[in-house]
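You will see two complexes here that share chain A, one where it goes with chain B and one where it goes with chain C.
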Partner chain A sequence: MSNVKRRSQFSSVLHRFAKNKLAVVGVIIFFVMAFGALTADIFFDYKLQALDQNAKDKFLPPSREHIFGTDHYGRDLFVRIVYGGRISLIVGFFTAGFGLIFGTIIGASAGYFGGKVDNILMRIMDIFLAIPAMLLAICIVAALGGGLFNLLLANGIANVPRYSRIVRGHVMGLKNSEFIEAARASGANDKRIIFKHIIPNALGQLIVQATLTMAMAILSVASLSFVGLGINPPTPEWGSMLSTGKEFMRTHPNQIVIPGLAIMMAVLSFNLIGDGLRDALDPRLKN
Partner chain B sequence: MFKFILKRLLLMIPVIIGISFVIFAIVSLTPGDPAQLILGADADPVLLQAKREEFGLNDNFFMRYIKYITGVFRGDFGKSYRTGLPVLGELLLRLPHTTIIALGGIGLSVVVGVPLGMISAIKQYSFIDYFARTLALLLTAIPVFWLGLLMLLFFVLKLRWFPATGTGSWRNYVLPVVALAASATATQTRTTRSAMLEAIRQDYVRTARAKGISEPKIMFKHVLKNSILPVITIAGMNVGVQMGGTVVIENVFNIPGMGNMLINSVRVKDIPMIVSTIIMVAFFIGVMNLIVDIIYTFVDPRLKTQYVTVKKKKDQPLIPAQEKI
Partner chain C sequence: MMPMENPLLIIKDLHVSYKTDDGVIYAINGLDLVLNKGETLGLVGETGAGKTTTALSILKLLPERIGSIDSGTIQFHDERLDNAPEAKMRLIRGSQISMIFQDPMTCLNPVLTIGDQIAEVLESHCPPGTKAAEIQRKVDEIMTMVGLPPDRKEEYPHQFSGGMKQRVDIAIALACEPELLLADEPTTALDVTIQAQVLDLMRGLKDKLGTSMLLITHDLGVVAETCDRVAIIYAGEIIETGEVDDIFYLEDHHPYTKGLFGSIPSMNEKMKRLNPIAGLMPDPSIKYVGCPFADRCPHKMAICETQKPQPVVTNGHMIKCHLFSSKPAGDNK
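Up next is the complex of A and B:
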């Protein structure tokens, strides 16, 4: 009997992840953001504090009452940042989820059925990949108009090809392996083989990709809102806050510094988590 | 080699047809009437109908697309709905600005990122390594437009080192290029570092050291040469990202490039303008990728075999594997 403590696959990945200090920092930033987004309604009044204009309080410097100061309509910047975080998180999770679901379906069918199906589906994906994600998102927004839902859709669609490539690669690599043959021999149908036997193998890479997608989606929505093609004021979105803030940046630099820092922290947190997960899931780095 | 370039250029045609069809379909088949958007919500119905007729919006979608794409291959990109001017002229007027910023950004990212990544790998775990890695982490997370705004605030409004607007001199392009290069520099640094680290651990490096070759020579002749491929790949992949980034950067610095035009066209659903801009960008990226592939063959002799024509290969059928050794 060996005394070596045995770990399940999951807990050993978790253990390696927790040893990575930067990744843990990423998780902490994420939890702070998520906490703010989930509990904002308990502490603040959305309409009163984040939307209603209050001219006499405009451009207040940071104080105990207004940690980050107020904007040109006298709204508390901190409250708006917290609510903006809610939008960013929704965007991140939705985009990653959309890419995951549709990318998996497309990639799995292309890889599993091969031949004509593969050719048609992957050529379509190639076309989408050939257009820079940002420009594709702009075109979709052009077609559908701005607003949160359309932005989600635009970013989601722009990210599908990446996932379908990952899944297709795994499916192609595994579909002729012996355990798939065994599964088929024991009577499993196509759907079961794809979802129970092949996808779990791609899961690690998909999760890493999903985390990085969240970072990209947050940046992309902020950029689109910044150029006026995304979420419009008065909704507190970080990119559109920067866009209004730039009018006053000369006299009140905090109007652009704070929303920008918020975007950066959010993106940084997902990047750190993604990098940490990649290292933790890489069996070559096991020790 | 010439044949290879020609083949690649010809292969771009189906890609451009595909891209233009997808974008054309996305913009045309969704609700929202360009004529209405241009004339305003309470336009005269007669005028509206005339405008639709002028744009050819009453035709069948496929007919419109075929008319447009056959025009494109004859060099006619249609007329802008918004300005009524030929799209191609407008595009060519704006292309130089965007090209300067995008290529400048890529150039700067290579010039800064590659040496930084090299030093970082050679002196692993040193102060400069930590500095480079932290910098790369921060630069990937910084939104391009925010960095642009901060630089605008600091270098233009506070220090007055650069002009705020206009495109007259090279000084107008310095800040946009630097802002755009930031995230590309980060990926370039990270890729160079990890590729170098992998190469440094190879046996041939130990052999070179054992032979007494000087350290700088080992780094440039043995390590860098073997780790340059991923570095070039990333530079090529950055082209697409840069083209997306120029849209926001042009907006921040008020540069009349293709990105700014795209944003204005999108607001009124100026279909020929939107589709043509995307075609132009896709073509630009395609050409850049081709250049990257050609550079590959110069740095890696193994890849040259790909471009040897079939006829030559047939001359030596017995030992095909040896070419790769």
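Up next is the complex of A and C:
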């Protein structure tokens, strides 16, 4: 019974999503990226093609063998972009998930219980917000050292306050609405009210925020790597590729155009998906 | 005085206030109310008289940190509700006492299906381990009972009309077959045709399930049609109660009740203009000494300003007015 229902609801969301052509483009870009990141090991040899230097092949122009050409060490740019996507996607998903989970818990408790709980939690969040997200990430990375895990943590923590603010705002607005009162009058407890009534109402916005966060996280990792604080070479990462590529941009523009485009497309796809999801998830817009 | 058979809900000397940033609002000031089993009691009064506050006090749903019961008792069966802990109230809400809200447009969650929202109250009160299929079966049953096609339970509130949403509210309120139903102006937001349908439905279900009902309204027509007894509330006090016939056909009334009836057009007599009650309700932030209606009363006496009138009861018909204090109300013909 309940399975049938869920599928029909899911399919109606899907249907509305599919009507938004731009969102579909976003999904296609995302799937291409995800497919590459997931299956890279089947098609390529990570060590041989993405890491090992091969000076005689350096700066080869795009050809059938090297679609995007090769870099200054003679490594295939396409392979490195595909492996770089893996890092970007991991960072994006982890950051959004981390922010979503902790931000929702903190924001919902603050907004729902109000008073002292609200004050304590939100002042802590304010402290975090007082430091620019990028700077906070730099501090965490500087303190804990680079590497993927610390990058994830830095980006994740930097995003929690934003989510908790969104959720808190929603909870405060909805807390006094009549349907919450009605739910309480029919004997629902706090947990049920928060998770069944308030979060689903805020879900649309949270998902949009999550996709935007993924986009931002990708940018942030790229920027950190660009300035040398993120993923260290020779690991293929879009930001560090951009950073090394900039030295050769006058003679070999493909060294920066390719990773730059990759970053841009990834960010764009998440933003498009976010917009599409927001419209598709709101049952009030259903026809 | 009529023997009180089977009182289900007894409210005694209830005082409720709202502590706002701008000062204290005294919303309920010594309210007494008795509701018998199986009875429909109409609670009638103008906006701001404390009707909704009364209902929220019974369920202990007054706004947190702002509204509070200052004194008085609320007794439901043999249990005191006024000092019951939250955990216990939660068990009572929805299963023994439930509430229908004024505006069906805003009291359903826009992002949950109708079926989910009806199932919710069942889930909250069913013994743990009740199967999902069993709950779904009950949802279907309840929807049929209130005249909604069960195959629409997958739909969202915005796909329903106002009257149908009110049916959903009624379904939610009656899902656990409560003993007491608090209906807070259930028909105010609906047009007249739908009003009649909804009232019919509520009356029918009430008789079928043996529910008692506190019907809050400012519509005397609704009262005449639906209620067994009527309580007139003014400035947080019950100033007159009695059987419907007492209120509608007896001669003796509180001047405020007379004013209320003067404010509705009559079908039988030729009237040029309605006679609304002049003035406004007393400022609820001030505790008054005398009769709360004194300032607007056409029969005001010196005593009204200084002393609170005591209830005068004749054959179950109670009036709280100095006009009747000196002599039994029945003699005033």
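Methods note: the second predicted complex is superposed on the first by the 243 of 287 C-alpha atoms of A that agree within 3 Å, B and C clash if a C-alpha of one lies under 4 Å from a C-alpha of the other, contacts with A are read in each partner's own complex, and residues count from 1 in each chain.
Following the convention adopted for this analysis, a contact is a pair of C-beta atoms (placed from the backbone, for glycine too) under 8 Å apart; a residue touches a chain by one contact, two chains touch by 3 or more.
All of these numbers come straight from a predicted model, not from anything done at the bench.
J.: On the A-aligned overlay, A:Lys196 touches which partner chain: chain B = first, chain C = second, or both, or neither?
T.: A:Lys196 sits against chain C, while chain B stays out of touch.
J.: Could you say whether A:Gly115 touches chain B, chain C, both of them, or neither, answering first, second, both or neither?
T.: After superposing on A, A:Gly115 lies in contact with chain C but is clear of chain B.
J.: Compare chain B and chain C by how many residues of chain A each one touches, and report the one with more.
T.: Ranking chain B and chain C by residues of chain A touched puts B first.
J.: Between chain B (first) and chain C (second), which does A:Met134 come into contact with in this model arrangement: first, second, both, or neither?
T.: It touches chain B, and chain C stays clear.
J.: One more residue to check, A:Arg184. First (chain B), second (chain C), both or neither?
T.: Only chain C is touched by A:Arg184; chain B is not.
J.: When the two structures are overlaid on chain A, which partner does A:Phe226 contact: first (chain B), second (chain C), both, or neither?
T.: first
J.: Which parts of chain A are touched by chain B and by chain C alike?
T.: none
J.: Quick one: in the complex, what on chain A touches chain B?
T.: 22, 123-124, 126-128, 130-135, 138-145, 215, 219, 222-223, 226-229, 239, 242, 246, 249-250, 253, 256-257, 259-260, 263-265, 267-268, 271-272
J.: Once bound in the complex, which stretches of chain C touch chain A?
T.: Against chain A, chain C makes touches at 59, 61, 63-65, 90-95, 98-99, 101, 103, 106-113, 120-121, 124-125, 132-133, 136, 154, 156, 158, 169, 172-173, 175.
J.: What does chain A use to touch chain C in their complex?
T.: Answer in residue numbers: 1-2, 5, 8-9, 114-115, 176-179, 181-189, 192, 196-197, 200-201, 203, 282-284, 286.
J.: Which stretch or stretches of chain B touch chain A in the complex?
T.: It is residues 15, 18-19, 22-23, 26-27, 29-30, 32, 137-138, 140-146, 149-150, 152-153, 157, 240-241, 243-245, 247-248, 251-252, 262-263, 265-267, 269, 274, 278, 281-282, 285-286 of chain B that touch chain A.
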